[in-house]
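One structure, as structure tokens, below. Some questions next.
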Amino acid sequence: MLRVELRPEISNLRSASAPVLALFATSIVGAILFVCLGKDPARGLELFFVEPVSSASALSELALKATPLLLIGVGLCIAFRANVWNIGAEGQFVLGAIGSGGLAMRMPAGAGHWVIVPILLAGALGGMLWAAIVAELRDRFHANEILVSLMLVYVAELLLDYLVYGPWRDPQGYNFPQTITFPPNAAVPRLFDGYRADAGAVLALVAAAAAGLFLFRTYGGFGLQVGGASAAAARFAGFSARASLWTALLASGAAAGLAGGLEACGPVGQLNPYVPAGYGFAAIIVAFVGRLHPVGVVLSSILMSMFYLGGELCQSRLGLPKALTGVFQGLLLLTLLVCDGLVRYRVRWLSPVAAGVPAPSPPVPAGDALPSTAASVASDPEH
Amino acid sequence: METLALLVAASMNAGTVLALASMGLLINERAGVLNLGAEGMMLIGAVLGFAVDVHTGSDVLAFVAAAAGGAALAAVFGALVVGLDSNQYATGLVISLFGAGLSTFIGIPYTKERLTERPHYEVAGLSHVPFFGNAFFKHHPLVYAVIALAIATGWFFQKSRPGLVVRAVGDSPHSAQALGLPVGAVRLAAVVAGGALAGIAGAYVSVAYTPLWVEGMVAGRGWIALALTTFAAWRPGRVLLGAYLFGGVTMIQLRLQAGGIQLPSQLLAMLPYLSTIVVLAAISRNSTRMRVSMPASLGKPFHPRA
Amino acid sequence: MWRLELADITKRYARVVANDGVSLRIAPGAIHALLGENGAGKSTLMKIIHGSVRPDAGEMRWDGAVVRAGSPQQARALGVAMVFQHLSLFESLTVAENVWLGVDPRVSLDAVTDRLFLLAGEYGLEVDPHRPMHALTVGERQRVEILRGLFADPKLLILDEPTSVLDPQSVTKLFVALRKLASRGCSILYASHKLEEIRALCQRCTVLRAGRVTGECEPANETNASLSRMMIGAEPAVVERAPPRLGDVALAVRGLNLVKSDPFGVSLAGVDLSVRAGEVVGVAGVSGNGQAELLAAISGEDARGDPGAISLFGQDITRAAPRRRRALGLRFVPEERLGRAAVPSFSLAKNMLLTRGEGVDRAGMLCPRTLRGEARRVIERFSVKASGPDAAAQSLSGGNLQRFIMGREIDAKPRVFVVAQPTWGVDVGAAAVLRGEILKLRDHGCAVLVVSEELEELYEISDTLVVMAAGRVSPPRKPQDLSVAQLGEWMSGGWAAAAAPARSHGDQHAPG
């Protein structure tokens, strides 16, 4: 019979090894998957892990895909650390695209390149606005933010559909559901000639640095995390739960909105129903794989971006469905959760006789001296 | 009058999906587990049910496969949440994302398939009664099964001892452990049962409701079902009622679209989601009432201690 | 023949030996005490008998035969029933359903209900089987626990600190029921650290210290001093107290009404209370009578009170935020150390930041070095056993964490110090140190408000006593003017009825 026991102490090394272990396990499962699909597993893994970093143009694509993931992921770090479960970043991303796109398509072609600044701000504002609905409903009505933010994803996508099928449709677009192509001055400036990677990548890195500074070096960031780790401690210390809620949602909404704006005015260059590509959901994985730490999120966004490119390459080179990407992403996070669990607990095989004891032994003797709430508050795996 | 009957029938039909999934979630939550993976479990159920139906032509086998698929994914969720004490929010979300990815992957060969020969159901002798016949007696057997399920679930939690055990575990796992109740096993069983129901709900979408497979076709019903348990204050009867109400909203919206109303279809399609938000806000407003009716340990991790 | 015999029971945990060769014998129908401090190994021993913990070594005999109680179910089959210290009841279920879950599944719920009526009448433990648990008072809940234990006609009833939640009158009632039970042949194992109770109730007594048996005796032949010597190895340290030098009123609560915000909470009704500089005011009462709500209102965690109800040095602070109150010199140590006074997963250095402003500059940026220095200072000054300022709060033992938290607040030089259950779960030596620190604050002119369930502690350190019951606060009394018996009456709200002049019962104080 299997028995799960709390490890008395968790070494830092063990804790840091979980993501590596998870990646390794994902690769193995991936290899098996390739074999089952009748493909060479080495070739398959190469497409996922080597090809995306093997040339300048590949790296440029890698940066391009990593940008929205990093931006949204960093925002979610702040939200999740505040224990605010904003799951609807996808919707905020769409609103960002609508905000930026709506402004970009109205820009006169003669205006200078500076117009990209208000355009991107409009995107961030759009995302914030969408997240603010969630904050307001939770603040005033205690409505669960997970459900509200998720429902708003569907609403946002329908809103985008409505706009591109209706009022914003390009009159010269042969009835395709899309807006006009944005004027060149409304495009996010590229970093290098001939490559698609753009200034968004720099913005995302700056955002990650700023988030790190905020979380670990400011009193405000500290208070936000106290609220996330223990609401009672935040009340005791006098940190406002409302302030954390609003900060968390507005920050993550703005980040997602900015990502949406960058996407619409960067690689896509117009609005169409395919702008929402699932980055908002993938970024949840990015945030967790990155341990809700901005540095970790930089690394995990690159990894996740490799998965996207790998999936596309598998489609073009091996004729495999693109949906493989989603499977890989999910697998990575699942194995990470397993590895995380194994970092904190050890699974032991017990003989049935010994297994008759219902409870494993914690390192401390019987709970005489412990307040009964201790076990339930010390639960957040993210710390 | 018969139009109204058809609307009632369609609402019940749409509501059945939600009711099935929501009943599963209710069982989860009564045991103290918040399952955010329902959407993924429904998608897996939908794709497996559809695939099996394509190959075997048997609805029964399709539902069995869907239940097994949902239960299997739920078992993974349960092993993580109950066994390794993972964060329920994070794990559930991962399961949803993974389920979405995996269902898309599995479903690729089936996107162009159609289920031929959809059986036509009616209750002999009653299906021709004016109004009532069209409204209530021409449904898929699962529509009636879910009503029975609601009654059975209600009885289970109120009157039966195993039901009481589940409630006790959801109320205070530590007390339950002290009494010698198998907390982990109860939670795992509840999670797996809930997953099986979510799988069946998914298959109802792909096999009975709109018999085809489209990527992501569950379209947020798993999340709406989650909101329904809160709306229903964790009571099976109210879950059923709520599901029909939401089904009705969906149907009215479709009816308005078909009726050529002067509103863009996309805006009408927002209706179910918007009404979920509104209802959620209205229900959650009274937080005191929520706390009294909510299983006390919901969403909180539990690890047995000596 | 003995009902229960334990021989050389040993149980080791990773860092501690909880039971070290413990032997114990209980006769049928005997009331046997298990005396020891918190952490002495009482709970582990009881759980071993109850089957929820398996010993590493040793033998257990039941009615003469060797048994292995591998699970609570097996123990129950033998006839062992246990009443837990932290009541293990289900809020959303009714009384009868709660009991039903603990008995043989073949018995129907109706049969359970009928028998509950019967048992309740027989032992004077009245409670309505149909009521939901969350509607019951703490005393009623404990009755349910005991009824649940009695339900299966146990041969051995184990009670773990049963009186910690009861007022003195309910304790008397409980003892009557227990004696009746014993007279019918049921053995009782009564774990407690309260000497008076053990002397009043028990025929035999086994004393545990640090996991070992340090004495066996007949409590009736012992004195409190001799029992406590066995329990703690030495006479308890006597805290030196000088007479109070009272200053002006520092903290004043006037007619505070507060509707409960928690459905399981208590509303405050017309609370009057004042604490003067240089004075320790003790708040007695069974917990759950509004103490938590009053403390939250004073600390600022619940700032809904009507303006004017709470003032600090004459300033109205009823609506002020906790940080503003701290700036005015009010410091608070709540009962819950992990998760309220400290964030479990954060380091001690970061936990300093919860209530201290050092290490934050004007721009709101943190200075980690200052923070760690401050934490190290508190750790050293209050002899906290921790690996350093980077140790996570949850890695500290309960007593050490309490030293750190009390230290954090005392180090801030409070002018008003409010503390709940200051020595709960702390060993005797450390408790004496903490009480000494409280008195030192008072002698330096700080106003101190102590909420505690330990009457002995309150009598020891308070200059003024008040009692809380049902969301109200009694008029203040000097400890020497309030007998334990009267205090007990007040704990069930009796002061309004007995408004007659207080009699002096200075000789009836709890032992110190």
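Order of writing sets the labels: A, B and C. Residues in every chain begin at 1.
Going forward, a contact is a pair of C-beta atoms (placed from the backbone, for glycine too) under 8 Å apart; a residue touches a chain by one contact, two chains touch by 3 or more.
The structure presented is a predicted model; accordingly, all values stated were derived computationally and were not measured.
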| item | value |
| --- | --- |
| Touching chain B and also chain C, the following chains | A |
| Remotest chain, chain B as reference, centres from CA atoms | C |
| Interchain centroid distance [CA atoms averaged], chain A/chain C, Å | 45 |
| Chain A-chain B separation of Cα centroids, rounded to whole Å | 27 |
| In chain A, residues with contacts to at least two other chains | 358-359, 361-362, 366-367, 372, 380 |
| Per-residue multi-chain contacts in chain C, two or more chains | 47, 52-53, 71-72 |
| Of all residues in chain B, the ones touching two or more other chains | 174, 180, 306 |
| Of all residues in chain B, those that touch chain C in their complex | 161, 164-165, 167-168, 171-172, 174-176, 178-181, 288, 291-292, 295-296, 306 |
| Footprint of chain A on chain C - complex, ascending | 13-16, 18, 38-39, 41-44, 47, 52-54, 70-72, 86, 299-301, 321-323, 326, 332, 334-346, 350, 353-355, 360, 364-366, 394, 397-399, 425-426 |
| Contacting residues of chain B [partner chain A, same complex] | 36, 76, 80, 83-87, 89-91, 93-95, 97-102, 104-105, 108, 174, 177, 180, 182, 215, 219-220, 223-224, 226-227, 230, 264, 266-267, 269-270, 273-274, 276-277, 280-282, 284-285, 287, 290, 300-306 |
| Partner chain B, residues of chain C touching it in the complex | 47, 51-53, 71-73, 76, 84, 87-93, 97, 100-102, 105, 109, 134, 262-263 |
| Footprint of chain C on chain A - complex, ascending | 8, 216-220, 222, 226, 229-230, 232-233, 235-238, 353-354, 356-359, 361-374, 377-378, 380, 383 |
